[in-house]
Every structure is written in structure tokens, then in C-alpha cells.
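Presented sequentially are two complexes of subunit A, the first with subunit B as partner and the second with subunit C.
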Partner chain A sequence: MNNQNKWFWIFLSPVILALGIVVVVPFVYGFVFSFTDWNGLTATSFVGFEHYLNLFQEEEFMSSIWFTVKFSIVTVILLNVFGLCLALIVTRKIKSNNLLRTVFFMPNLIGGLILGFIWQFIFISVFGDVGNLLGLEGMGGWLSTPETGFWGLVILTSWQMAGYIMIIYIAYLENIPKDLIEAARIDGASALQRFKSITFPLVAPAFTVSMFLTLSMAFKIYDQNLSLTNGGPFNSTQMVAMEIVRTAFSDNEMAYAQAKAVIFFLIVAVIALTQVYYNKKREVDM
Partner chain B sequence: MKMNKERKNLFSVEVLGLVLGLIWIAPFYLMIVNAFKTKREIFTGVIGFPESLALENFVQAFRDLEFLKSLFNSLLITGVSVAIIILFSAMAGYALARNKSKLSGIIFFVFVAAMLIPFQSVMIPLVSLFGQADLLNAAGLIFMYLGFGCSLSIFLYHGAMTGIPKSLDEAAIIDGANRFQLFWYIIFPLLKPISVTVGILNVIWIWNDYLLPSLVLGEANATIPLKMFFFFGEYTKQWHLALAGLTLAIIPVIIFYFFAQKQIIKGVSEGAVK
Partner chain C sequence: MKGKTIVSTLLISSALLSGCSFSSSEPSSSDGDKLTIEIFQGKVEFKDQFEALAEEYEKENPDVDIKITAVGGGSDYAGSLKTKFASGDEPEIFSIAGPTEAANFEQYLSDLSDTKAADLALEGSLDPVTKDGEVHGLPFNQEGYGFIYNKKVFKEAGIHSEDILTYEDLEKAVKEIDSQKDQLGLEAVFAFPAKEKWVPGNHLSNVFLASEFNQQVLEAYHAESVSFEKGKEFQRMVDLQTEYSVQPVLSLDYSQQVEEYFSLQKVAIIQQGNWIYPSVEQMDQEFAENNMGIMPIPVEGSEGKLPVGIPNYWAVNNNSDDEVIQASKDFLDWMYTSEVGKEAVLKDFKFIPAYEGFDTDGIADPLSKEIYTYSSNGDTTGWVLLGYPGVWGDYLGGNIQKYLSEKMTWDEVEEDSKQKWEELRK
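Now for the complex of A and B:
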């Protein structure tokens, strides 16, 4: 090994070691163990595809997947609508634009666990109080039905992450040449026309970026789920990530949980690879 | 006439923005005002200001959260993890960017591809392996953060290296510097802007992480989010205490945001767009 090679490996060894031990080895191990009767420590026999066949029959797992899919679709749409609207507001020449950026972004810095607890208070006590004032029954029961629990999670996540998506849209909006919009204005284009024909097409690439970003964020949510609804009532608001954690650490079915984790990986990987594909395609088109 | 319309337009945008801003901040307002109320006061009304300041809520939350201890644990774990992620990822990004061999390209690809793997897909074997090695403690947790955090960080450093000319390396080597001196005294300081970005992204993630510490650390060494989880479970429906605890837990983040706001927003936007 020459000198050139030696320092290359020395510089890389800490991260190769860490990635190998923390991600690669457990990933391969987990994949292999998902075909056995592994109990977390030892495996005695191969069971083939048994876990995989079972998990598609399991109502709780399948309903957690559907819940996550529904949640992700609704959240992605709302996050992008809110994110773009907030970005359009704070990129105008208004006095409070810096203050507003600070405010909208703030929830992103605080962990989902803590935010979920705060919103638990809001959905139970504040909504209950406001409901009483307005004479509406059952406003305080937001987290005790599956439908309102679903919307509770959507509201929490949209509120938390819209400021993050706003930042992405701001980056694209501020790259639009000012004179382009000014020229269109002088030519008599209305605000709506300017948005439709200039702003929107130039911001379109941001949609791809933030759509996939939000999709994979929404799909992997755990903390908010745990602290806001804890999966309840009766596991009806339980998302995939939480379902896997519970199967492993509450039910102690390690190999079975790992099979679910492999399916989870496949779904997330397909989302991410689709994004890479679209990004490449767009670059070629441009 | 036209100018007037434009100004009116801008005014309504401003009003809309401020209304949304108030909605956005309302949860924090509700948390803080109710943290100062007694249990009875919360029961009679949650919207208004407290009649008197029930500071004893904070005293009890501070004690039961073992706040200073949890804060210390959070600071230690986040600080050490982020420091080694920055150092080792910068070294790796530098080595990978300078070495143009096929093998180097493959290694870089493996790091980037590892970003596809969600935490839950490796969590179970990871905890089992570290448990068997007796490493379910703060040191093990820090090493795990290096493993999970290095991919994105290396990716960002690798990108930033394109802006640093190779002639710098050659000049330093001719002057008799070895690779470590070259990296430490010349390359690493030039990478400072991206180090700030890498640092901020990892601080936000590690500081707030709940699931991994909950699997690795016991209650005795809990970080703030982990302790908060236990605390909240103990005081279900005792909102005056729970909210005081949540307020305490948020204070460090608000201080961080106050001092580093510009860099945070810049860092997050760089990390997301790439």
C-alpha cells in the first residue's frame, strides 16, 4: 500500500466503521433474520417466507399501512399548499417578513414528541373549552375518535413542518429575476396572470423537491404519533413506524417485526428512488 | 391611483401574514399561560391570562424532570456526537473528493445509498447487537449517531470540496506538510461554512431525537425528550405541571434559535435543497 492509499483509508476508517456497524451490518442481519424464528438473541430455524405471508394477513399491520398512506397524501398536499402560501407572503415587501419567517419556522426546531404533548393539551382542554363556549358538544373528544384523531395528526404535522417547506419555496422564489415580474406588470399582466405564467413555472421544480421530502417525512413519523394519540383509540391511528416498534418491543416478536421493517424499507426506498428518477429526468429536460 | 392599489394590496398581505403568525404562535401562547395557572384555574378557563403566577408548577417540574441533569445529558450527547460527525465526515468528504479512483466512487455511493434506509429497518438488530456488546449506554449512543449522521454530512462536505482547488494540497505538500496537517490547518478551516450547516442539521436532529435514546439509555441517563416522556406519563391530566415541564424543555431550543437564527435558516435551506 503506498502512501497515497494509506492516508485515504485512515481518513475514511472512522465513518466506514460507524456506518458498517450501525447501519450495514444490522441491515443485512435483519434481512436474514426476518426469514427465521429469531427472538432477538438467537435463531434456531429458518421459516422461509412465513412472516411475510403472515404480515399481509394481519389486520393491524395492513390498517397501519393504509392509515400511513392516507395520512401522507393529505399531509403532503396541505404542507405544500401552506408552505407555498407562507413563502409567497413573506417574500413580499411587508414590514413583518423577518418576524413572520421566524415564527413560521419555529415549530421545526422543537421535537415532535414535545409538540405532540402541547397539542394534546390543545385538542383536549382548549378545544373542549372553546366547544363549551360555542355550545358545541364533544369538541374535547378530538383524540378519542379515529377520524378526528387522524385530523389531529394532520394538523399537528402541517403546523410543525409548513415552515420548513416555506424555507424551500423561499429559496426558489428569491431566485426569480425581479425585472421579469416588473416587465410583466408594466405590460399589464394582473397579479394572477403573473403568478400563473411566471412565478408558478419557475417554482415548479420546488414541488418535486418538497413533495418527495414531505412524503418520506410523513411516512416515517413516529414521535408525533406516540405523543399525540399514542395510536389510539384502539390502534386506529397507529402508523407503520409505531406498529413496528410495538411488535418488536411490546410484543417481543423480533423476527416478525423485522419482516415488517423490511417491507417498510422497500416502501420508503421506492419513494426515494422515484424522486431520484424524476430529478434526473428533469435535469435532462432542462 | 395605481400606486395606491398596490399599497392596499400589500397591506392586506401584511394583515393576512400577521393573522397566520398569531395562529402559528397560539399553541406556544396557550402552553405558557396555562403553565402559570393552578389546576383549578385551568379547569375554569384556558384562554385568558393567569390570575396569579403559580411558580410552584415550575419548581416541581424542574425537580421532577431533574432538569439540570437531563440538560447536561442532552448537551453532552448532542455536543460530542455533532463534534465527531463534523470532524470525521469532513475528513471522509475530503478523502473521497480528492481520490478519483473507482473504489472511492463506490464508497461514496454506498454512503449516499445508506440514506435510503429508514431507522426502523435497522433498529431491532442494532439494539440487539449493541446489547450483546454491553454498549447500550451514552458512548454506544454517540457511536450510533455517527453511523446515522455521517452519510448526509459526507454528502454535503463532498459537494463543498469542489470549491477548494487541488493546487492548495500540492503547495502544502511541497512545503513539507503531511496529510493531517494539510487537512487540519488548510482544508478544514476552508470548509467552515459547510461545517456550520452540518452542525446545525445534526444538532436539530440529535437534540430532539426520542426513539433511539429510549431504546439505548435508561431513565437514569435520560436526555430531555426521554425524561419528558416519563414525566408526561406521570402527570397525565395534571396539565399545570405537564405544561410547565414542556415550557422548561423548550427553553434551551429557544435560546439556540435566538442566537443562531440566520445560520439555522440558511443551514436548513441548504440541507434541504441539495
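Now for the complex of A and C:
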């Protein structure tokens, strides 16, 4: 073993140790606890796969997964559409370019909890008052039905995250060689044709990045959910993360919640690994 | 060779890591001849006043050091308390809410029947935490709830709250106010926060279920099932409050109910308890002092009776030295029986005392005063909600939300909630 190798491990060890203590050990613990009757204080016996079998029978958990999937699909589409549109706007040659970029990115800097409360006010009071003023019935009663709760969450998340996705698209858009576009213009391609045949294919890699980023983001949302609807009405807008917290801390079924968390981990891990796989493949191709 | 290096580097780095923390560990129970009592409790509203009182006690008893931690209400508190016990950093005094929590911590509870406060506790107030003759907790205070109304609006509408005893009386009064709401400057009669599951699920359900359990928390706590004997009455009260409430009820929350609508006098009646007083006082002191009244929620068979109960108890950890346990008991005794303590409990904590020997003219706010009157006249019903199994109250609240959005019929609400109760009791 050479000297360099030794120093490698010496410098790495604090990180490995820290990672081990705060990530690996609790994870292994949690995994083991999901097979016991752990109540937060003590675990007395192993129950095997009982929790795992039960959770697939539980209506509430399954409906929260279904809700999260629906939510993720809709937000992923909307986020990418909005993100790309915003990016196209701010890469034009307009004067307020930098100002606009800052403004669009800003919602991303506000904490999710506070945003949730702000939007709660907008949906309930502002929407209600505007609806009364204009005589539009559909504007009243937001967040009091499962549908409006769902769309409320979608709007909040799209508004908050679109600026972040915009940044990714900007990076790709600015990398498109100017001469290609110029050549196309000389050949007489219209703006739409240029976008369809040149810009769009060249930002395609950004889609892969953004899609998986938004997908795993949408899956793990908790604070916006908590402050905007708190799962209500009747737990119909409860996402998986929130359902797990409830099971653990209000129903006090720690081990059962841990089993749900393991399932949740598997879902998110599959998404994340697919992303890594695709990105790697693309890198090799190019 | 390689393995050796890894081990040694790990050792070095762990030494480095541990070097930067844990250097200042607190002395745990006794510091020389000074006793430390750590208090962990779940009521944050009176934290500052409580600390001031503890300082007063430390002055009188220089050999005792009191440390107080308050953790915000609800599920948070139970979780944090569990964590504290699990990590071995056990508090000497902690608060527990009713028999369900007492059962969770049973192995840690000392017998408090030899304290002076236990002798003076109001009749029946110790029952929920008494087991095999051992008293496991001392009441914090009493709390009560019902319909809190705006006296001015009632007067202008020509309604006398004393006349409202039955559901029919209430319905008549509500319709009367509703017909004049434009002149009275109201948006609606009620603000019914159905978004908060505990408002219909715990508090409202309690008044209609209490008679099933003979008003006894413990009977509810031991009950295998629930039958909704007064289900129909319960249903029409939910309907009445919903129909005449600010809409939509399903997105209306507690703070809107109390602050936006009631304090600003946009509604006449809300279903809440004396705990809202400080919030209303902050919004409009004059209104809080003069125009708030409370009346019972009409239930057949217990007309004119208010649900009054004890939401929290003090418990003393039996897992410490006898000396410390005694000091903890002395402190609790001092708080509820000495002149200084009683004064603070009444005036600073704004508690409705659950003990004899208090000068009740000194009760600070009018709501508490009214509730105390009900309580001392014996016009009370029980708080069986503290004996509901686990999170059953919230579950029922969720079902009522489904009923209000027409996803369930009332019969289904009863049937499903009954099943859940039985399931949780297994």
C-alpha cells in the first residue's frame, strides 16, 4: 500500500464516518425495525413481513400513493412546459432579461411551509372575493374539495419550481450554436420551424435531467402539502410522505410507518436509478 | 496492512469528531447539594408565567434548581416525551393528558396520593389517573367549551342566552339572528371550522357520546364499542352549524374561526372553549372583556350543562432518587396550595383551578368565570373524549368531512366509526 492510498483514506474517513452515522446506520436500523413491533421506545418481537402485507391492504396508504402518482405526472408535465417557456422568454434579446430571471427564480427561495400558507390565503380569501365580485361560482370554495385541493397543490408546486427548471433549460438553450440557427434563418425557416427542428432536439437532453429531477421532487413533497391542505378534506389530498408521518406520529405505529417508508424508499430509488442509467447512457453516446 | 490503516484512520477521525462535541455535559440530578428538577410539559401558552413562578420558588428554596421545557401541543408533545425517555434524559416532572397517555407511561408514574394537592383536588378530578388506589397525576386546571356567543349581537337581536336550553330553542334563535344578519353586520350566524377534525370529531362528538359512558372518561376508556345513541341529535347539530356557517366549512380553520370571524364580530356564535380568550383579547380587548358569553351545546337529557374537564395532569417520574421525587412533589404542592402559588395560578396562568381553597373571585377572564360557575354548581358533563381510543376522534372528524362533502351518509359515518373504535380497542 502506497503513501498516497493511505492519505486518501485518512482524508476520506471523516466523511465516511459522518455519512455512516447519519445515513447508513439509521437506514439499516429502520430497515430492521420495519420487521418488528417497535413502538418508538422498545421492540419486543419480530413480526416478519406482517407490516408489508398489511400496508398493501390499507386503503389510505394506497390512495395516498395513487394521489402522489397523479400529482407527480401532472406536475412533471406542467413544470417542464412552464420551465421551457420561461427559459425561452428570458433567452430572447430583451432588456429586462436578468431581472426576469431573478424574478422567476425567486419563488424557489421561499420556504415551502410559508408558501403553503400564502397560497392558502390566496386560494381561500382572494379567490373567494374575486369570485364574489365577478359572480363566478367556481372561484369560491377552493381547497374544500379533493379536486380543488389537488389543483391547488399542483399550482403551488408549478409556480414554485418552474424557475428552477428554467435555469436548467437556459443552460442548454445558451449552448445551442448560433451559426446553426443563423443558417436556418438564411435558408428561410420560420420561427416555428427553427424551434421544432433545431432548438427542440438540441435541448432534448435537458428533458431527461428535468424530468427525473421534477419527478423525484414531486414524489417527496411534504411541507407544501402540510401547510396548504394538511391532507384535507378527509385525507383526500394526503401524499405518501405525509401519510407516513401521520402513521408514525399520530397513530403511533412506528414500525408500520417504517415499513411504509421502506416501500417509499424503493419507489424513489427506482426513479433515481433509472435517471442515472439514462443519463449515463446518453453521455456515452455523445 | 490495508485493513490496519483503515482501522487506524477511523480511530483518528472518530477521536477528532468526538473532540468537537460533548465537551460540556450537564450535571444530571444533583449538583453538590442542589437538586435539579426538570419539568417537561405540553402547554406552551403559559410558559413565561410558569418560569417566573419557578424562579420565585427557587428564591424561597435555594437548594432547588428548576428547569422548564415546553413543547407545543398535540401529537408533538407525546412524541418528544417518548424521545426523551428513550434517550435516557428523563424529566422529573412531566405532563400527561388523560388515561390513554397515563397508560403509555405507567411504568414511570409515582404515587402522588400523599401530596396536599391530591387532597384538595376537586371531587372526581383524579379518577381518570387513579389506578389501584394510586394517584398518578395532579390536575393542571379545568377547561370547558360550548357555544361562545357575542353578547351584543344577542342583545340587539332580542335573544336571551338563558332561554336557549333545547335544540329547538337554539334553532329558533339561529333563524332569528340569520334573518337580521344584515342589520347586525354579520356574515353568518356560525363559523364552523370543519377543516379542523377535532372540532366535530372530538369536541362536538363528546357532548353527544358522554351520556353513553355515564359522563365518565374511564368508562369510555374501557369501552369495547360505541353505539351513537344520540347519533341523530349529533347529526342535526352538525347540519345546523354547517347550514348557518360561513362557507365553505371544509376549508375554514381554527384561526379564521376565532380571529377573523368571531373577534371581528362577523359571526355571532362559535363552538369553542375558554382557551380562545387570549387570542380574542389580542384582537379586541374591549370585546373580549365585555361581550363574550358561553352557553352549553343543547343535548337532550343534559340541558344547561357544560362539558368541563381536565386536559392535562402533572406526573412525577418514579425513576429518580427519593429525595428528588419528594422535592418534585413539594414543588407541585407549593404551586397549588401556597398563597404565592395560588395567586400565580389564578392571575398569571389564567387557569380555572381544579382544587379547593382558591379565591375564585380572582379568576381573570369572564369565560373562565362562567365555566367555573357551571362547574361549582355541578352543571357539568364529562370529557369522555380523553378516553377515545388512539386517534379515533380525528378519524370520526374525517368521516364527518366526508359526510359534509356527500361522500358518506350519516349512517355510514356511524357504522364506519364504530368499526374503527372496535378495531383500535383490540
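In this section, the second predicted complex is superposed on the first by the 273 of 286 C-alpha atoms of A that agree within 3 Å, B and C clash if a C-alpha of one lies under 4 Å from a C-alpha of the other, contacts with A are read in each partner's own complex, and residues count from 1 in each chain.
What we mean here is this: a contact is a pair of C-beta atoms (placed from the backbone, for glycine too) under 8 Å apart; a residue touches a chain by one contact, two chains touch by 3 or more.
Here the structure is a predicted model, which means the values were calculated and not measured.
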item	value
Touching partner for A:K93 - first (subunit B), second (subunit C), both, neither	first
First, second, both or neither for A:F104, with subunit B first and subunit C second	first
First, second, both or neither for A:V268, with subunit B first and subunit C second	first
Contacts of A:L41 with subunit B and subunit C, given as first, second, both or neither	both
Partner chain(s) touched by A:L143 [first = subunit B, second = subunit C, both, neither]	second
Subunit B versus subunit C as contact partner of A:I244, first or second or both or neither	first
Touched partner set for A:N252, first subunit B, second subunit C, both or neither	second
Touched partner set for A:A204, first subunit B, second subunit C, both or neither	neither
Dominant toucher of subunit A (residue count), subunit B or subunit C	B
Contacts of A:L53 with subunit B and subunit C, given as first, second, both or neither	neither
Residues of subunit A that lie at the interface with subunit B and also at the interface with subunit C	14, 18, 40-41, 249
Complex contact set, residues of subunit B against subunit A	9-10, 13-14, 16-18, 20-21, 24-25, 27-28, 30-31, 34, 42, 45-47, 84, 88-89, 91-92, 94-96, 99, 104, 107, 110-111, 114-126, 128-129, 132, 143-144, 146-148, 150-151, 154, 179-180, 183, 204, 207-211, 215, 225, 228-229, 232, 239, 242-243, 246, 249-250, 253, 256-257, 261, 264-265, 268-269, 272-273
Subunit C residues touching subunit A - in the complex, by the definition given at the top	1-2, 5-6, 9-10, 12-14, 16-17, 75-76, 78-79, 82-83, 85-86, 194-195, 197, 247-251, 390-391, 394, 398-399, 401-402, 404-405, 407
Subunit A residues within the subunit C interface of the complex	1, 5-6, 9-10, 13-14, 17-18, 40-41, 123-124, 140-146, 230, 232-235, 249-252
In the complex with subunit B, residue positions of subunit A that touch it	7-8, 11-12, 14-16, 18-19, 21-27, 29-30, 33, 40-41, 86, 89-90, 92-97, 99-115, 117-119, 121-122, 125-126, 129-130, 159, 163-164, 167-168, 170-171, 191, 209-210, 213, 220, 222-223, 226-227, 240-241, 244-245, 248-249, 254, 257-258, 261-262, 264-265, 268-269, 272-273
